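So, here come the structures, one by one.
What follows is a pair of complexes built around chain A, which joins chain B in one and chain C in the other.
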Partner chain A sequence: MFPRPIQTASRPARAAYQAFLPAALLLWLAPLIAVAIFSIKPDADFATGNYWSWPSSFEGFTNYGKVFLESDMPRYLLNSVMITAPTVIGAVALSSMTGFALGIYKFRSNHWIFFMFVAGNFVPFQILMVPVRDLTLELGLYNTKTGLVLFHIAFQTGFCTLFMRNFIRALPFPLIEAARVEGVAEWRIFIHVVLPLMKPAIAALSVLIFTFIWNDYFWAVVLTQGVESQPVTAGITSFNAQFRAAYHLMSAGSIVAALPPVAIFFLMQRHFIAGLTLGAVK
Partner chain B sequence: MTTAKQQTAGAAWWRRNQQTLTPWLFLAPGVLFFLVYVIFPIFQSFGISLYEWDGLGEPEYVGLRNYGDLYWEFVDRDAFFTSLKNNLVWLALYLLAIPAGLFIALFLNQTVTGIRLYKSLFFFPFVISQVVVGLVFTWFYDPTFGLLNILLGWIGLGPVNVLGDENYVTVGIIAAGLWPQTAYCMILYLTGLNAVDPEQVEAARLDGARGRRLLWHIIIPQLRPATFIAFVVTIIGALRSFDLISIMTAGGPFGSSRVLAYYMFEVALSEYGFRMGYGAAIAVVLFFIMLCFIAYFLHSMWREEKGAR
Partner chain C sequence: MRSILKAALFAAAATAALTTASAAAGLSGNLKIFLDTSNPAPRATMEKMIADFQKLHPDLDIETTVIDREEYKTQIRNFLTANPPDVNTWYAANRMRPYVEAGLFEDVSDLWRERDIARNLVSTKGAMTIDGKQWGVPYTYYQWGVYYRKDIYEELGLDEPETFEEFKANCRAILDSGRACVTIGTKFLWTAGGWFDYLNMRTNGFDFHMDLAAGEVAWTDPRVRRTFMNWKDLIDMGAFIDNHQTYSWQEALPFMVNGDAVHYLMGNFAVAPLRDAGLTDDQLDFYQFPVINPNVELAEDAPTDTFHIPAKAANKEAAREFLRFVVSADVQTEINNGANLGQLPVNAKSSVDNDKFLNKGFRMLSSNSPGGVAQFWDRDAPAEMAKVSMEGFQEFMVKPGDLDRILRKLERARGRIYK
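What follows is the complex of A and B.
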């Protein structure tokens, strides 16, 4: 193990390490902790320039209440959910199929198709921006959640295919051969043999794509405009315009917008990390 | 009678060919989607970059003039080269996330009580949207109440308006971006460190290697896969930087924090007018910068694929 386990170090070194851990964490998260403190301070603290002292009263409920009751924030959150959930389902469904095709079958263009997905996944968004916006306008889907969902599904399929294909390749191939010998149809092999084994990959991708899409800002700005379809990342700028210089409310709003992926991460940490390492680092 | 015969004939045909056809049926929806929304638009953008077009009226063919304008038109050139320069700064400084992530990973790679929670909390910044990271850091840098200037005040340094100063603004935004990116690299290295072969480490220790030499000659070579992924995601992240700039400065002050990704958006879709063709030309330049890296990544993956079989 590297570095040398701290248990083998001298007693003072161990104590120093134990003490330094929380200190380092506080420093690392300082900007975030500051926002969390802002979000429970009363309005008056900012008016009097009392930014960094202890909150003169606890106004967490008032501030977060305002975010949920006096702004469009709930609407934006709902939009985000309605954009993120179908994207996750769509991208995972499409990519389990493409991953199955590329991972199991040997045919000549297999590698070309695989590398097309991988390469496409790396291109800068800007080179897609004008044509995708046009296409969305032509389909009559500009400023709709559907328009955004369709693009997200297509783009995420690239990354998901990379992941699924590598995962399926690592499965024991004799299982599939055994099923073939028994005369099981290929699509049944997919549903009854491969799909059940893919559960960990599906879980990992779901949480990862959820986070990616929830946090998307660029495409939200390019393909949507108003409160009826914008997700929370884009909505927060209008929210901040509404509460200009009301730092306690802007902080509360930011925390609300950031929370869902954080919650998902803490609930499904193991899957999340498996996804992030692209399955390449065990 | 005949239909039954046809059916069996069809079934027989299917049975003979299903191994060849199944992969294509499974690929069809995904490939189709990907072609329409990702692959074709790349080529369409190449096409659009040869036109002058406001997004609504009739496009006018201008050949390579949009590319010429990047260089020859005075105002455009200034903006374009500032963006290009900032892209290079982003690429160089963003890579600091890799050693920084390794450093934190080494610091956290212990088994003391509660270490799992520490690891998760250190990873926290990556899960938050860049929009929120941008807002948080805008306040952190604020000249009147920002935490940064309070800290600087303690050591007797005067208030700095990081986001209002042409010399500091890009570095300030990159620092904000490094926060989540370092967290990402850290998690990659933490998983990588788990897989380091303890016997090799012990053997090296018996041979008297320790500290930096051990890290450099034994540990880092074993972390290669993690380093490769960290490099890929960091380069891509650097060239995709858009959210932070849009939230923190909107390219300012005086356009000094633009990068190509942001400048392209500004030209094509904002109050500066809808210059789709010119925007597409900028996107093409950005695409070719990215293509150098994509080619390298694909080449590495290709070699690994060959080695695997």
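What follows is the complex of A and C.
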């Protein structure tokens, strides 16, 4: 199996591994560590050029207090939840159904429809920026959470369908045939036979989509523009005044904004990894 | 006879009082206001001001829309033509020219003829005038100038320079003491635009500067070259900090704070972070950019934010009343104070916070800028030209020997951009 466990490597290789791993880790995490340190520094440290050394005073409570009590951050966090939750539910619900249809039924254009879902994933989403913005504007959905949710559902369904269809394909087909012999209606088969078997896929996909959508910045900036509708990723920039960037508050805000996906990852680590590898090995 | 006259006068006064009262109280209908003040503090200031206006006119149905400041710049053409509000924010001078020429802004010269406005808004009238008419009113502006470390000046026995020669002499003394003369961060280009504004306005005057911004003068003109030669004097002596092209304007502040550099040519918004960093008013001071060519009048950069009435607005009567309200002395004092915008009021009758820098800037702009008030290079020149030229300024600051090539490049860009 590749990669081989490190315990089986030669002694010098293991020593080198142990020496380089912490260094690589530190290098890898440096930007994150910097943001964490910035978030407890006073504003003045950025004007005196004290970027990397010890904070001149500990302002962690002040900065985080400002983020939660004196800014629109709670509102942005709520927006994020109100955008992410419906998207996850919508995309997973739709793709369970499309996955079921494409995975179970044999009809003539099955493959073509499936390819269309897959092909959607190959469209670089940036080229959709102008048309999608115009579309939401014409539909009156510009600068609304609904517009963002609808777009995310539409765009995520392609990937989710690929994922679900492959998962359903791998289920034992005789189960469905047995149900059909018993005379169970097709939608009942979906709800009572297939859905319970799909639980691991649904869990994995939900976690994955949650992190995708929560971390989305591009569409948040393109389709929304105010505290009424913007999610937290875009809201962080509101700490900037017209002329000045408030690095300390932006850092504190970023840490707060990053916590939910990190928490979800650690709580649902098993599903997350399952989600990344599901369908990779059949 | 006398009693008749008295009665007539009384009647006239009564009617006048009545009409004013009815004009003030009679505003009704909708007033749609579009704002680009999307940053939290200015947004709160504007919302408070509009709420105060609402209290004066309870029958008016005011609807305020705040649009992201950058987004607004692309949306304005759209909403002015398609679905105009009654009042909208924008910028003065050349930045409003396209909309004035397209007939999208209402001529508000009548407001500027009213006594209060005519008397008290003189300093910004030029910036609001195109073709002899005024197209909006300003609501805030701020000064530019030389911020410097007074304590280091005292340590080295230097005086505030009046002329460019004295400024260069100061620079030499500062360089000899092992410090840089000027801090600047040109990563985002515009800071170099500030230097070009002042050097060109002081060398060739405000009108020449505006002609250059309007594309009417060649970049290869010997007068433009003279501006760059003055700039080159500073570059060649090493006046600017090293590697300035890698810093943002904020990242260039530490040099000033730590005493590694002594001057910063900047807008007044630099004062707040410098104070936060621990500089006291004894250490930090301000002066007007020194004279280079004594034959041209002093002119200053003072970017001005404005209110306009779209030509297709529905409720122009209420919109005009709102504009009057915005520029009135008390409102100007209130919205520009330190707790709100922290900038300069445009009304000469307003009072300025007890702040050294605001007071100096207010005096400088209302009495010592006879040449005119420029809006800053990236507002005075068309966007495309501003970008190309500011890239050229930055390149020049790094490779002053390439001046000819850079000027030729800018001249080619002028041929392409102004048509």
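Keep in mind that, in the parts below, the second predicted complex is superposed on the first by the 232 of 282 C-alpha atoms of A that agree within 3 Å, B and C clash if a C-alpha of one lies under 4 Å from a C-alpha of the other, contacts with A are read in each partner's own complex, and residues count from 1 in each chain.
The working rule: a residue touches a chain if its C-beta (ideal position, glycine included) is under 8 Å from a C-beta of that chain, and two chains touch if they have at least 3 such contacts.
These figures come from a predicted structure and were not determined experimentally.
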item: First, second, both or neither for A:G226, with chain B first and chain C second; value: second
item: First (chain B), second (chain C), both or neither touched by A:N240; value: both
item: Touched partner set for A:L175, first chain B, second chain C, both or neither; value: neither
item: Which of chain B and chain C A:A44 touches, first, second, both or neither; value: second
item: Which partner, chain B or chain C, touches more chain A residues; value: B
item: Touched partner set for A:I191, first chain B, second chain C, both or neither; value: neither
item: Which superposed partner A:A15 touches (first chain B, second chain C, both, neither); value: neither
item: Touching partner for A:T98 - first (chain B), second (chain C), both, neither; value: first
item: Touching both chain B and chain C, residues of chain A; value: 49, 240
item: Complex interface listing, chain A residues touching chain C; value: 43-44, 46-50, 71-72, 225-226, 238, 240-245
item: Complex interface listing, chain A residues touching chain B; value: 1-3, 5-7, 17-18, 21, 24-25, 28-32, 34-35, 38, 49, 51-52, 94-95, 97-98, 100-102, 104-105, 107, 110-111, 113, 115-120, 122-135, 150-151, 153-155, 157-158, 161, 185-187, 190, 211, 214-215, 217-218, 221-222, 233, 236-237, 240, 247, 250-251, 254-255, 257-258, 261-262, 265-266, 269, 273, 276-278, 280-282
item: Residue ranges of chain C touching chain A (in the complex, touch as defined); value: 38-42, 66-69, 71, 248, 250, 253-255, 257-258, 267, 269, 272-274, 276-278
item: Parts of chain B lying in touch with chain A, wherever the complex brings them together; value: 18-20, 22-24, 26-27, 29-31, 33-34, 36-42, 44-45, 48, 55, 106-107, 109-112, 118, 120-125, 127-132, 135-137, 139-140, 145, 147, 150, 179, 184, 187-188, 191-193, 195-196, 198, 201, 214-215, 218-219, 225-226, 228-229, 236, 239-240, 242-243, 246-247, 260-261, 264-265, 268-269, 276, 279-280, 282-284, 286-287, 290, 293-294, 297-298, 301-302, 305
